[in-house]
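The letters A, B, C and D name the chains in turn, as written, and every chain counts its residues from 1.
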Amino acid sequence: MASQPHTLQHHFEDLEQQFESSSLGMWAFLVTEILFFGGLFTGYLVYRTKFPEAFHLGSSLLDVQLGAINTAVLICSSLTMALAVYWAQKGDKNKIVLFLSLTIVLGAAFLGVKAVEYSHKIHHHLLPGDGFTFEGPFADQVRIFLSFYFTMTGMHAFHMVIGIGLMIYLIVRARQGWYSSEYNTPVEMIGLYWHFVDIVWIYLFPLLYLIGRH
Amino acid sequence: MGTAVFNPREDQLAEHTNGSTKNYLNAGFSAKSWLLTIDHKRIAILYLLSITFFFFIGGIFAVLIRLELLTPQGDLMQAETYNKMFTMHGMVMIFFFLIPSIPAVLGNFLIPLMIGAKDLAFPRLNLLSWYIYFIGGLFTLAAIVFGGVDTGWTFYTPHSSTYSNTNVILAAVGVFVSGFSSILTGLNFLVTIHKMRAPGLTWFRLPLFVWAHYATSIIQVLGTPVVAITIVLVGLERLFHIGIFDPKLGGDPLLFQHLFWFYSHPAVYIMILPAMGVISEIVTCFAKKKIFGYSFIAFSSIAIAVLGFLVWGHHMFTSGQSNYASLVFSFLSFLVAIPSAIKVFNWTATLYKGSVSYQAPMLYAIGFIGLFTIGGLTGIFLGTLAVDVHVHDTYFVVAHFHYIMVGGAIMAYLGGMHFWWPKITGRLYPEGWARFSSLVIFVGFHLTFFPQFIVGYLGMPRRYHVYPDEFQILNVLSTAGATILGIGYLIPLIYFLWSLRYGKKSSTNPWNAKGLEWEQAASPPIKQNFEVTPVVLEDAYEYEPKVWLK
Amino acid sequence: MNKGFQLFPDQASTMAGQVDALYFFLIAVSVFFSVLIFFLIYLFAVRYRRRSEEEVPKEIPGLLKLELVWSIIPLLLTMVAFAWGASLYFDGYNPPDNALEIYVVGKQWMWHIQHPTGQREINELHVPMGQPIKLTMTTEDVIHSFYIPAFRMKKDVVPGRYTTMWFEATKPGQYHLFCAEYCGTKHSEMIGKVVVQEPADYQNWLSGGTANESLEVIGEKKFQQFACHTCHVDKPNARGPSLVGVYGKGVRLRDGRSVIVDEAYIRESILDPNAKIAAGYKPVMPTFKGQVSEVGILQITAYIKSLAQDGSN
Amino acid sequence: MARHIVPTRVYYFIFIALLILTGTTVWVAFIDLGVMNNVVALGIATLKAMLVVLYFMHVRYSSKLTWVYLAAGFLFLVILLSFTMSDFLTRHLLAVPQGWSLLQ
């Protein structure tokens, strides 16, 4: 360890304490994230209860196929992330880089599909705002549905962009040989973050894409 | 820890305290050594400077508000200006002074010292928190400089989201950003208290100050993100008319109030719980006696933090929310009163058969108990449904929350500053002036805010720029009191600064207090806090030496 | 409005005395606990003041019984306050059936008040003494709050929906009317007065003044003006459902649910006709959002209500 | 450090399960089950989330404290949801509970 002074910070007694602290800190952070998205879920629940038909109508404007593909893409990226953490625990530098790169590619693919979906909506004037038009009943309520759609998926996509940025950092550090079987905390922590982002999508998908399909 | 006689490191400590060796203050003098420090003690000083700045900004707004209300007519300023004044007063005081005050200054400085750690768990994150706070502050200052905001600190929709034509976005960004500072500080404390305690320091040996901060951190971590996303939605509503809060587009304005108060009610406990922690430390020290009902005080902090999340609807009894929801929220609001009562009774009982000395921190603490008791009891009025219908949004509410947040939190903050000033700076403040200022603040406070209970029950609504003539007498009293209060707050500022240069040098433990920060750390502490990691062998506040140590 | 200095506000409604009684109970409890704590602190601080630096007081271990006592007694007292306050609250927000209905529309920064007999007032509300009055309120813009301190009554006025409150005045006189929810620049000037009159004086006031048409007559004109009558006629095969006799009754909707026809449903159907369509009809009605004001909606509602009472058009 | 390293086959197994559950939830969405559609959709989502949390995020092998933090997060989310809904769901009921006259 002496060759890697950056691994144990000055104020910790040992690596065990440092890892446990980081892990607890990450979980506390994920708890705040639960509540952050929780505010949006609360708003969604209120309006879905108030305007069930409009929400069904709004949901039918979304593309289930693209949504389902994206769900699968994100699950794949969670797998590759889990494997990156696994190889970090084993201390295999090349495999860490490989699986992190795969995760980034899958994350970028997800964002690409999302961009396609957004551009369709914007093209059809379905972006809430001054240019919003919806020919059909419940125009206002459908707007509220789409507002939730854009805010929730937008927040989710924003978290993914941050996650990708963090993974690029990890790759740089991994190539410099920072991570070993003794010290791999950052990989594990960012892994937790990425899985959390996946979980948010696991809920967003049925709540936004799959209501009133029958 | 043992008694002073048995402390093997006493000589060493005295050496540090006499300034012959390095401490955290003289460890470096460059701007960089302060602005890029990761030492929790230096970061606490950074916070101290910035919150003092914001306290006086907020104070200037308060003075202008009180001057305007001296007469029933709006003769000092325009209605628009007045509305901006109370908005900025609330926003600056709550988000940039009260919420960071005790946690970010005293908590930051003391928690590692109290638990025998070298630093917080995440020192870099701690520094980042200060920068985030600072950036949030800059946005808020920008909102002030570019013409102010007039939404009230509560940002109620649809006024804030659609109708107001002031700098809502800038102010919202300021609050949003500073919220993350609060979250990260809370997160840092949680992990530190869990993982960084010295050997032997079990949960039930922790000082109550640490328990109180643990409870506070729970609220910061769980509550703040909700208000963050709510403010984002207000911003989106303003920019893109997304309809979520706009009734003209089918939205329900009460949803905003639910989301806002889910955080902003517990936020009151972010301000008062650390204050209670400070009082627990001071009372036990100046009664020279172990605190009465340690575990009840510890658990009541946690109970307040948890129950505090179940009562937000009591801000909405007249809002048009369901009467059934009001019923439930009212019931739960009464439950949260009990843990506060437990604390007050236990502090009082600690004095019984103690050895009570009246140094300035104790006077502030007793002042706190007095003001908090009144503030807490008037909270019962507001939780009572039918009475709240009458007094909601009147000066009764204004008086109530100032008794808690100014009478309570600031009194405790100042008490804590006096108590730990020797530890923070290595200097003693002038005792006579400190006692005098505590008295001035106590008197000025009552004169300012007690009349507001009366004028509130008479029906004077809050946020009124002009008001009916018959309320004038009480408003004049209030303004007179505010003058005294303002002077009371200036006195400590002056003598604290004076003492930095001319104050007597403090010994390691000027109060003969118990606790690692007093017994095992120099005044001011060395950079890494302790020479050796302390080992804790006894409970907190063992003022009576145990037989086996004699 | 008593202009002199006072410590307690006028009591001018049936609710005022009851709220004050509860208020005095709470003051008594508060004074008791404040005095108790202040006295004990004073007593202990003096009696056990530090006499020498060397003295070491004996530790007093925690006492579960004592902790329970000072938890449970305050809890019981607060439960009294809870039950008492809740009971009054439900009384205060539950109008009696015989209440006279008056409509209030808030607007930055004035109160617009409409009596069922057609009188309109700005920032003034005339009411008879001894008669329960129910206010049905909404606003054109932001949230306001209708507050009459002398009646101990307040209710927020929320855009996009109706809220209600009621009171029964007990003392003739003039009382403050305040907007209690911050509503923008001239919030503090959104004030007015409530004039409580003896029933006879109130009748005089009603018959005096400008010749007003009653609310339902104005509403009927609006009904024609917006061409509502072309579809909503009391004939078979009309494009819209007949509105005769529907007010206060249940109606089945297309999707199988049913609603009660009340002010809120009528308002919604005018502004968002497709939200809840009656069974057997098509979504063909256009929205009147932006064309009809909140006041106009209340007038049309009054007309529809009158159709329920007459039973004929 | 003696931390538990989850063998890769567990990850692959969970991965397959997640994909199957995603397929199922899409398939079920197109069958009319009335209110049960919502229950099933959220049930499957929760099952998926649990698999991710327990295995990908190693919570199954983590300390009690991690469980407590996670549980607290969800508990307070439930508080936020349920107390807010307590207003919206009961607003249109009677203004007064039947037989409410405690102190009259």
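Definition applied: contacts are C-beta pairs under 8 Å (C-beta built on N, C-alpha and C of every residue); 3 or more make two chains touch, one makes a residue touch a chain.
Just so it is clear, the structure is predicted and the values come from calculations on it, not from any experiment.
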Completion exercise
Greatest number of touching C-beta pairs links chains B-C
Problem - Most centrally placed chain - per-chain CA mean versus overall CA mean - result: B
Handout entry: Gap in Å, rounded to a whole number, between the CA centres of chain C and chain B
Key = 36
Fill in the blank from the handout: In whole angstrom, the CA-centroid distance of chain A from chain D equals 17
Handout entry: chain A-chain C separation of Cα centroids, rounded to whole Å
Key = 45
Practice task
Pull out every residue in chain D that's touching 2 or more other chains.
Solution key: 65, 72-73, 76, 80, 84, 88-89, 95-97
Fill in the blank from the handout: Where chain A touches two or more other chains at once, the residues are 20, 24, 28, 31, 35, 38-39, 42, 46, 50-51, 140-141
Problem - chain C: positions in contact with at least two other chains - result: 84, 86-87, 90, 93, 272
Practice task
Over in the complex, which chain B residues touch chain D? Could you list them?
Solution key: 194, 218, 222, 226, 252, 254-255, 258-259, 262, 309-310, 312-313, 316, 321-325, 328-329
Completion exercise
Counting only contacts in the complex, chain A reaches chain D at residues 15-16, 19-20, 23-24, 27-28, 30-31, 34-35, 38-39, 41-42, 45-46, 49-50, 64, 68, 71-72, 75-76, 78-79, 81-83, 86, 89-90, 182, 191-192, 195-196, 198-199, 202-203, 205-207, 210-211, 213-214
Problem - Interfacial residue positions of chain B with respect to chain C in the complex - result: 74, 79-80, 83, 150, 152, 154, 156, 158-159, 162-164, 247-248, 250-254, 287-290, 292-296, 317-320, 323, 326-327, 330-331, 334-335, 337-338, 341-342, 344-346, 348-349, 351-358, 366, 369-370, 373-374, 377-378, 380-381, 383-390, 392-394, 454, 457-459, 461-470, 473, 512, 542-545
Problem - Touching residues (chain side chain C, partner chain B) in the complex - result: 1-9, 15, 18-19, 22-23, 26, 29-30, 33-34, 37-38, 40-41, 44-45, 48-51, 53, 55-60, 62-63, 66-67, 70-71, 74-75, 78-79, 81-82, 84-90, 92-93, 108, 141-143, 145, 147, 149-150, 152-156, 158-161, 163, 176, 178-189, 272
Handout entry: Residues of chain A touching chain C in the complex
Key = 51, 53, 137-138, 140-141
